[in-house]
Amino acid sequence: MVLNSILFYFFAALAVGSAILMVTRRNVVHGAVYLITTLLATAGVFLLLQAEFLFIVQVILYVGGIMVLFIFVIMLVNLDISLLQYQFNRQRFVAAVLALALGAQIFLAIKMGQKSLFPQASVPEILPKNTEAVADALFGHFMLPFEIASILLLVAMIGAVVMAKRRV
Amino acid sequence: MVPVDQYLWLSLALFTIGVIGVLTRRNVIIILMSIELILNAVNINLVAFSHMFGTVDGQVFAIFVITDAAAEAAVGLGIILAFFRNRETLLADEMDMLKW
Amino acid sequence: MNAQPFFLDHIWLIPMFPLATAAVMLFYGRRLSNNIVSWLCSGSVFVSFIFSLGAFFQIVAKPSAARVATKVLFEWIPAVPYHMLDGRLAKFVADWGFQIDPLSCVMILVVTGVGFLIHIYSTGYMAHEGGYYRFFGYLNLFMFSMLMLVLANNLLLLFVGWEGVGTCSYLLIGFYFHKKSASDAGKKAFIVNRVGDAGFLLGIFLTSALLGTIRFTEIGPALAAGGFAIGDPRITAIALLFFVGATGKSAQIPLYVWLPDAMEGPTPVSALIHAATMVTAGVYMVVRTNAIYQLSPKAMGVVALVGAVTALFAASMGVVQNDIKKVLAYSTVSQLGYMFLACGVGAFTAGIFHLMTHAFFKGLLFLAAGSVIHAVSGEQDMRKMGALSKKIPITYWTMLIAALAIAGIFPFAGFISKDLILGKAYEKDALLWAIGYFTAGMTAFYMFRLIFMTFHGTSRVDREAEHHIHESPKSMLVPLMILAALSIVGGWVSWPEIFGGNSHFINFLSTVVAVPHEARIEPLKGASSRLGEIHLMLLSEGLVVLGILFAWYLYVKRTDLPEKIAKAFGGFYRLVYNKYYVDQLYDAMFVNRAKDLGLALGAFDRNVIDGVGVNGAGWLTRFISNVSIWWDTWIVDGSVRLFAYIVWCLNIPVRMIQDGLVQSYMLLIVLGLIGFFGYYFYVAHHAIR
Amino acid sequence: MRLVLPVLYAVVIVAVLPLLAGYIVLMERKVMADMQARLGPMRVGPHGLLQPIADAVKLLLKEDIIPEKADRLLFWLAPLVSVTMALLAYAALPIGPAFQIADLNIGLLFILAVSSLGIYGIVLGGWASNSHYSLLGALRSAAQLVSYETAAGLGLISALLLAGSLSMRDIVIAQYDQGMWFIFYVPIGFFIYMVGSIAETNRAPFDLPEAESELVAGYMTEYSGFRWSLYFLAEYANMIIVAGIATTLFLGGWLRPFASFHDHLPGTPIELLDALPSLLVLGVAAYCFFLAPKQPVKIQKLVMALVGGLCLAIAGILAGSLFASPAVLQGVHGAFWFMAKVFAYLYCFLWFRFTFPRYRFDQLMRLGWRFLIPLALVNLITMATALLISREWGWSLRITSILAIVVTLAVAMWLAKNDQVDSAVPVAEGE
């Protein structure tokens, strides 16, 4: 149990730290690498939450798929110019303040609801075998959304192909 | 055992960072990545709650979220590529052609 | 028409060969090598020559009454009805038709024959010039036009050829267009010709208005049908108008001034166009229309007088010229004068006869002169020549033959034709004879002046030119020899009866000359006149020999005398030497006046028409448009802009939000979220309480 | 105890793997030499048996160059990433029933996921070394891996259907229960996975990312010395991984041939087929001893004899385990059979490498997207149908699977025919 919480805080620190770095890096590739780190850390968190399947999906899909796509695109568009430009736009201060305000509000909301909403650590110790459970849910109860998601993916694929073509 | 609210703080932090990134960075790719970060924070929430209630629905939703993230990334990057080919720039505040 | 023999049926091909090659030259010549060019051009002319020979023989084969054949290719201007002067309705028809009879037969023989020789000559002479293909293209174009001229069966088509040769002469005189003098000479020739052409054109109009036809074959009958009396003023008018054209083309007073300048062109051109063929077009035209001339003695008289005076006048100028080609040019003018003299005294055939012989020896003279110039590397001033007879013998001998021929030494060609003319002139009028007689003497004098200055005496050639004096290449010498032979025997085709000959040539031509004419060429009536003819010949021979001797004395024996004489008759010499200031006179009288007129018109155009009319209208338009612009700008647009501005002012806040930047939209979203949460907290707060 | 053993295994693997890689290289060179009628390395050790060690020493002593304009952080990180991911995958690989670090119930997915992360090593390395060759190589390999992972994964799933589990151990056991290796049910799936795995490990004929003749060494151009050898190690580790996956899913993992066919020696628990490995290794040992005296140099004689002794020892272990408890026997023999199959699979790799010419990149992509993936999908569907039929109507799976194979083959023909239509060189639109 101690190991669990140690690991959690390790992953959390890793995720937050590299997220901050990701937002602040000048070089986009570095940013991508830090984002990957964040995602991996999050995957670790998933693992701690006994969501192995989601962990795998996170690693294969997010890290192994989407982020590869990102890095691919980053390498296709040249960076040398953007390295020399300002990295933050004109509204950065206002934006930061507002974002922090929003964060504070959410914080407040959680705080207010904490007592009533989350009974401390009420976790059923024995969970069903995760992968099978997820599969049952996906192909049983969530069949329709699943298919819709697949259609969404198809549309996205076609859209991406059309847009990335040289001459549309 | 880690209490649920810890996960929420984590996701809140990630979410805020993501929002800051989306609002302040000029580079479109980094903006997209920040959006991924936000989605990720949401996922943490979903999984945490699903773990709390001992059901997998949250994870299923997380999977859907990841699917959407994939779609969004594909289309977004496609747009970025096309845009870069035409305008030779990656800066969000130079993409104001809608205005005219 | 009834079937003609082959060559008579295909006379129309004769001009076409040169035309074809001309087209080839002018379109593709640049890509062809000089060899191909010379072969093509000379070859085409040669083919034409063959056809001409064929036509000639087939004409001769016919009975002398039926020696005329016409070939109409197509109707050029189909029948256009119009009213003649006497109100009768006539149809104006100009067909693309060719007519061959003894006259045109002689002409095409001369043109193609001499032309062919000159082509051969040119291949040698122009070998090292630029624009080889251009030269030959023009040359063949000229051949085409000349052949059209002499083969035309109506005045209008003849006029086409007439203008064509004019154009080619302009092009060829200005062949060295980079030399200003050359291009000026070309322009001068063209413009002076315009004057004559205007007259000719008027004559054609008058003809068609009066006779209702312009076909040569129909002019005679039309005259007969019209029943015009001898000396009918209208006929005289036509004849004089035609003669104006002739003076222009054939360089007679007053329009002779262009010919001397025309010597700026390459020598073969001078030989072909300005000695042998083109300049004789006037004579040909007069002879062709002799039916009209014979109806107006006045016109004939004018022709004769002008011819005689021109002959004398030009000869006198030729005496003092130093440029070898200028001398030949003036002698050409005076020989042409002879021809017109012949026509004027009614000896049309004699004129043509002299035309032919003159083509031979004058062409030869020019070619030889060209060979001389070639030898002394481009020098044309006789004062810088001399003692060339040993260095270029062939040129020397051929030129000598030509000189004898033109001087009229028995039995060279020139003798026969010229004495024929003098005889007729004597019959007609003693004064005319005297002029021609004296001119013959002068001719002999200046020709041999030329020979002696060029070939005898001491060499006055520049040192550097001295070294490479050389005989010309074969391609130039062969034509010289052939022409030399022709200028010896050329005259014998019409050997006078008094030497036991029978003038074949004259008889051959006589069918052309209209019948009702008292001055037919035939053995002079009666022994006395025959004796007279002998006397005339002896007289002229004597004078000629005298002239030659005089030339020898002055330019070989006592070379110092000419200057003395020039000194002695200073004023007169200068007058003659400057060609009687005719050019200056023309400048003063016509050219400058024309310029002034042009300037005046220009000034009028600028000030009155442009100034008042155009610019005034323009100014008015601009003024009106300015007003409307003001209205448009300040009232129409102004109102529009006003509304636009109002809208613009109204939507400033909206626009500040809609800045098109994604991130600011996101910012607004966040703002909205914050507001929403704030409201939520507010409500929750109150709910809790 | 349940923590010690895995750590021990991990240490063993990490320790042994480089050596193994080195010897695979030696094997590669030997096979190449054999196929090209040459001898290959003969000097270092008898028949070059010590060549890998020499190579390793050379590599480690080489100068380690970092280009001037390189992105130092990533340049340093990239090789580590790739080698780490390669090694991480071994965690779930069951080398024998006993010899497995962790039996995750998502083992296969885990391996796939981790090995898919290996891309980052390549891509980041190629980008970080800031050279065109490297970048091109990186892009190519990224595209290639992403494309062929799909095909290979689909190929695997056809076998997963049969196994009904993601845990490697359960998969092998399923094959034991059904009494047949899955390769016989889904040969096409196996074929697809083989092609895909060759592409994933950047081996010839799909070695475009490091095509020596085009991009000097692809993403490794700028690397040298130790970092380079890390990449090298990663590549060979990956080869072993894919071989292990194939072995586990299609070739019955650690099972011996005819595993479910038991013929006990009368009165003993010993089975004849289990004696086979020990006899085999014994033969090898004998051969070594027979060769030893023929070696030219004394040291080589010695080494050869040592190798013989090693084989003899292994044979002894194998033979001894016959008489030990079934668990031990399973463990030892399982490891033996597993390695044997892995090496057989790898031998095919080398075989292809020296027999097939290299693909052009567009041909590679066309093969992947237009042929393999559709084929894999069709194969999956037909296999699923076959399974369904055999479940619902009780037909024998062998029949239905054969039918499925026939159908799939027909579709494969059709695909191949259509693919021939436009195999022309594409219009160069620039990279």
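Lettered A, B, C and D in written order, each chain numbered from 1.
Simple rule for what comes next: a contact is a pair of C-beta atoms (placed from the backbone, for glycine too) under 8 Å apart; a residue touches a chain by one contact, two chains touch by 3 or more.
Bear in mind that the values here come from a model prediction, so they are computed numbers and not experimental data.
Remark: among chain pairs A-D and B-C, A-D carries the greater number of C-beta contacts. Centre-to-centre separation between chain A and chain D, using Cα means, comes to 32 Å. Separation between the centroids of chain B and chain C, computed from CA atoms only, is 95 Å. A separation of 37 Å divides the Cα centre of chain B from that of chain D. Each chain gets a centre from the mean of its Cα atoms; for chain C and chain D, those two points are 101 Å apart.
The residues of chain B that reach two or more other chains are 19, 23-24, 92-93, listed in rising order.
Shown for chain D are the residues that touch two or more other chains, of which there are none.
Across the assembly, chain C contributes residues 661, 663, 667, 670 that each touch 2 or more other chains.
Interface note: chains touch in the pairs A-B, A-C, A-D, B-C.
On chain A, the positions that touch chain C within their shared complex are 89, 91, 94-95, 98-99, 101-102, 105-106, 108-109, 112.
Against chain B, the residues of chain C that register as touching in their complex are 658-663, 666-667, 670.
Residues of chain A that touch chain B in their complex: 1, 4-5, 8, 12, 15-16, 19-20, 22-23, 28, 31-32, 35, 38-39, 42, 45-46, 48-51, 53-54, 57-58, 61-62, 65-66, 69-70, 73-74, 76-77, 81-82, 85-92, 95-96, 98-100, 102-103, 106-107, 110, 114, 118, 120-124, 127-128, 130, 133-134, 137-138, 141-142, 145, 149, 152-153, 155-157, 159-164, 166, 168.
In the complex of the two chains, the chain B residues touching chain C come out as 19, 22-24, 31, 92-93, 95-100. If you check the complex, the residues on chain D that touch chain A are 71, 73-74, 77, 104-106, 109-110, 112-114, 116-117, 119-120, 123-124, 127, 135, 138-139, 142-143, 146, 149, 166, 429.
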